[in-house]
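You will see subunit A twice below: alongside subunit B first, and alongside subunit C after that.
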Partner chain A sequence: MQLIVNIIVLASIYALIACGYVLIYRVSRVLNLAHGELMMLGAYLVLATASLFNNHPALALGMAVLLSLVAGGLVYVFLMRKMTGEMVLAAILTTVALGILIKGVVVLIWSAQQQYPAQALGVPNPSLAIAGAHISLWSAVLVGVTALTYGALFVFLRFGRWGTRMRAAGQNPLLAAQRGINLHGVYALAWGLSTLTGAAAGILMALDSGITQAMPIIGLKAFPAALVGGLDSLAGALIGALIVAGAEVLLIYYVDPLLSDVVPFIVLIAMLIVRPWGLFGTREELDRV
Partner chain B sequence: MIKILLLGAATACALAMPTTMPAAAQDAYVVGLTGALTGPPSSTYAPAVEGLRIYIDRVNAAGGVNGKKINLILEDDGAQPSKAAANAKKLVTQDKAVLLVNASLSSTYAPMIAESKNAGVPLLFASGVCPKSVYPPADPLQFCTTGYAANYDSQAALDFVKSQAKGPVKIGFSAMAIPLSRGEIDHAESLSKTMGMTPVDKEVIPPPTADYTPFATKLKDAGPTWVYSWAPWVTQVRTFEALRKLGWKDDMIAWAHLESEAELPRLKDDRFFVIGANALFQDNLPVHKEIAEAVKKAGSKYPPTMMTEGWIGGMAIEAALKAAGWPADAAKVRTAMESLKLDTKGLRGSPIEWTKDNHFRTKLDYRVYRWDSGKSAIAQVQDWKSYPVK
Partner chain C sequence: MFRPAPRASGYFRTAYAQDAALVQTCTEKASLVLFLVALAVLPFAVGPFLLDLACQVLLASIGALSLMLLTGYAGQISLGHAGLIAAGAFTTGILAREIHAPFWLTLPASALTGVVLGFIFGLPSLRLRGLYLAVSTLALHFIVIYLGGEYETKRGFSTGIVVDPPSLFGVALRDGRAWYFVLLAATAACLLICINLLRSRSGRAWLAIHTRETVAEALGIHVARYKLLAFVISSAMTSVAGCLFAYYRGFVSIEAFDLFLSIQYVAMIIIGGMGSLLGAILGAAFVVVFPYVIEALLHLLPNVQRLAGDIFAVNYASFGVAMILFLIFEPLGLVGIWHRVQNYFLLWPFKQRPLAGGRK
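The block that comes next holds the complex of A and B.
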């Protein structure tokens, strides 16, 4: 039972991070390689809001999430918008530079020290027992938030006005623009939502076990989950995360813990050989990648 | 497009610039440091580098060494071997450093040692684990002030476990997937058998790990009565916290890294022990007050409790340059380091003594601390215990 809980928690972490990659790629065809750093920035923002809203953890968390949404939008407005019409490679390289910049800025502001937002907010992280297995409170919250996020995104993209616009912009930006859709608005929203989901993952991981400078690498480890599922499919990201997390947890327990570092990439290579466009991705996306 | 690419290149160049610009080499002793100022393990190394920098700034403010300033050039390697190699090459060829300092992960050692050997410039490990090449018979160019050291630390930790255990010891191990941590835990595993303990599991955990629970689950299921970890702090503390979340209630001992003094009050766990070679600030020595004042004056983001390793490194650099005289070249500094005796003012159990064959120290001293719930404070569990270095 503990192994199942471990798989669900790890899959939730990967899925919540991976949906950020998918959202941006699906709408703007850009691989955001600064997603891990934006996730880390979200976690650090909690430290900032915690000092602003003493004794109001819910408010501090809400503000941090909101600021992440705004930060994502601003990244598009002030940086990625300039990439419109440029080669996709230039846009990807810009995200790499953005990642380096964020890593430097957080060290300058908050130092390289390991930080504990839960301590700053004064919130506990008790261990909960479920059917003989143990899960920490914030890990359980992360599982719930992941489910909620995917549910909300499904409803938003399927039935929401802006969600429909996002899908249209992703499928055919030229036609979408001709129909009066504000492409820059749609792209900014996609960047905002992507940063929000990544930040939510970063914040919840930080509440569970603290913030370290390794967070961007964890963000990168979730990338294979998105690719395995199909880079333009949210359902695919969810399934991909489950496959990668399942393989990782089971190999740690039954074979060798060292494999955990390479498992996501082994799964990815296997998928690229068998089905390069991913489990639920569309075949035409392959040419674009 | 070209404008954008140029802007990106300029940003990258700006980020890659050293944090301190070199002054004219002939006016000062040039000391070049490459360290993990950013990147996953930077929480252990960046504060130490800060402590070293504050110490050197203080020396310079007091007039320098032999009437000359120390020009400390800091380079960030992000704990990446390739960056450490490039930094070392730049420091010896461009900046003409007479002494190289490494404050990074063990994976950066090999390329840096190669650069040090090529240029004949001595290399000091200050806050990165001491490699065996500084033990007798030492490599002529390598020296180490860092408190933690392979083989001896595990001997001391397991001796402590044995002294505390009331019955047979089933011991589990946790390491980070980096060369020295793995090697030390392998050594500890073998050592535990010779000491009558039963090793039950060993988890080697990669540095970028989202969740430590899968590793802790395996460790807990093996049923250890003690767990020993010798790894960067993040691996030690996250393994422990994951074990506690899983309901494991036994004892763990880990290395007392710079973070430990701030972390013990956070964890508030009487059964989590830290063993180390540095006196914690709770011992309240006069030198601790000196460090705290200097850190406050410098306006550092790091607490003084994280400065000890860097402070000792700074003391060693000052002493070595003083003995080397002026003008000093790499050969003179190396010769001076070969007979250095450093009084650490109680930060260590005994002075750091280097000889021609021993660039480590002649004996090692360890203290053990834990959180004491009764007193709501950190408590010393074992006073200095010495181990001769052979």
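The block that comes next holds the complex of A and C.
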């Protein structure tokens, strides 16, 4: 039972992070390797807002999430906009460089020590018992938030005005631009939303167990989830997260705890050998060097 | 491609042997000799700190050259370079530790590991391109690092493996100057291999594959074979660099080969300039020297004490900024700047090159 709960919690972490990769890739065909760092930035933003709004945890959390939305948009406007139409490698490397920059700046501002935003906010983290398994409050919240996020994203992309625009831009940027869709606006929104979901994951993980410098690695480990499901499919990311998390938890439990860092990548390689475009992804020309 | 330096006047070859010569004109010969003399004098002219820096640049150059061969020429993206260096270093460390293997055994063994790993790293490239290939090499990097870490913990070397200095011709290599010449020779050999590979059949095949794979195949190039060849040669050279790294440091630990090292190597070829061997070396020098420059600049600032603990973070952040600036404003890299300077003096008093198709 505990194993199942662990798998579900880890899967929702991966799913919440992975939907950020999917959003950006689906709309602009860019792989954002700075996603883990942006996620960590979101968690640190809670520390900043916590000191501003001392006695209002909800307000502080809301502000942090909003700020990360803005941060994602700004990343696009000031950085990635310049990389449109460049080589894939150049765009990926720009995000890598951005990640390095964020890591450095974060340490400069908040120091490299492990921090606990839950203490700064003054919110507790009790352990709940469900059917014989233990789950911390914030992990339970994270599962709920993941479900909520996926539901909201589905409705937004299917019925929302901007959601439709995003899908159009992802399918054919040229035609979308011809129909009067503001591509830069759509891309900026995708970056903002992606950072927002990533930051939500980062914040909830930080509330659960504190912020460490290892957070970007978790962000990177969520990438196989996105790819296993198909880089341009949200539902796929959910399934992929379940597969990767299941494999990771079971292998750690039955084989070797050291495997934790490498299991998602083994799954990734297996998937790349069998079906490079993922379970639910569209089979595209993988020809964008 | 290996291209002679631009000249103001035409240089006309009168024999086929001249076509194949590496050094063509008297000016080139003279400058090459001057350069070699400067390199030979360098270790006796500078202190131990700068000597160590020079050795690091040479080591990084080997890695950067091999990555340039793979990414800059054959067009295969790799984000797993640190994994290959780690493989070379660990082969050396394990052999030296377990069976006290001498230098002349560990070096080929590392190269062999590189060949095998290059083959494995290259297999996905037969099916995947671009982004997906980058991701698969990234994943393989993590797997190699995991295997290294597993060895460290299982054998009880959790802090790292100590490697004794190698002995060449019965003399133990401890001296910085001796190391400098060994590394210089290794880098020069690596550079020569690269130049000769690139101006022969394999180099032309790689360029064709880089430009357009379908056309290359239609021209009769065995795409799969040459892709794998690029991976194998590149990673063999990288593993040799890893072997030299292990001996030079005298210490192998898995922490030294994280993802950041891979990124640094990719940054070297981006900052140096894609598709140029000179660029690989310039980029290696830039990336290796960069943190020391930042540190020196920090010490010029007034309140150093406050920043002393964060030098690492400052380095990190400024490295990110430098990479972004190069990617956005100078995609051709340092070589692009170098060619612009050359052209400026060459064309002076004019500013523009004659249009293509005009009288040359």
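Observations
Heads up, the rule we're going with is that the second predicted complex is superposed on the first by the 284 of 289 C-alpha atoms of A that agree within 3 Å, B and C clash if a C-alpha of one lies under 4 Å from a C-alpha of the other, contacts with A are read in each partner's own complex, and residues count from 1 in each chain.
Throughout what follows, contacts are C-beta pairs under 8 Å (C-beta built on N, C-alpha and C of every residue); 3 or more make two chains touch, one makes a residue touch a chain.
This is a predicted model, so every value here is computed, not measured.
Taken together through their common subunit A, the two structures put subunit B and subunit C in a clash. When the two complexes are overlaid on their common chain A, residue A:252 makes contact with subunit B while staying clear of subunit C.
Contacts of A:92 after superposition on the shared chain: subunit C is touched, whereas subunit B is not.
By the touch criterion stated above, A:23 is placed in contact with neither subunit B nor subunit C. After overlaying the two complexes on the shared chain, residue contacts for A:38 are found with neither subunit B nor subunit C. In the superposed model, A:223 lies in contact with subunit C only, and not with subunit B. In the superposition on chain A, A:82 contacts both subunit B and subunit C. Looking at the shared chain after the overlay, A:50 reaches neither subunit B nor subunit C. Contacts of A:71 after superposition: neither subunit B nor subunit C is touched. In the overlay built on the shared chain, the residue A:6 is in contact with subunit B alone; subunit C does not reach it.
The clashing stretch of subunit B relative to subunit C, chosen from 94-102, 256-264, 274-282 or 328-336, is 94-102 in the chain A superposition.
Shared interface residues of subunit A (contacting subunit B in one complex, subunit C in the other): 82-83, 86, 90, 93-94, 97, 100-101, 103-104, 107, 111-112, 220, 258, 261.
Every residue of subunit A that touches subunit B in the complex is listed here, in rising order: 2-3, 6, 9-10, 13-14, 82-83, 86-87, 90, 93-94, 97, 100-101, 103-104, 107, 110-114, 116, 119, 127, 129, 134-136, 139, 205, 209-210, 212-214, 217-218, 220-221, 248-249, 252-253, 257-258, 260-261.
Residues 1, 4-5, 8, 11-12, 15, 37-43, 45-47, 177, 203-215, 217-218, 233-234, 237-238, 241-242, 244-247, 259, 266, 301-302, 306 of subunit B touch subunit A in their complex.
On the side of subunit C, the complex with subunit A involves touching residues 71, 75, 77, 124, 127-132, 134-136, 138-140, 142-143, 145-146, 149-150, 153, 259-260, 263, 266-267, 270, 310, 312-321, 323-324, 327-328, 331.
Within the complex formed with subunit C, the subunit A residues making contact are 31, 79, 82-83, 86, 88-90, 92-94, 96-105, 107-108, 111-112, 220, 223-224, 227, 258-259, 261-262, 265-266, 268-269, 272-273, 276, 286-289.
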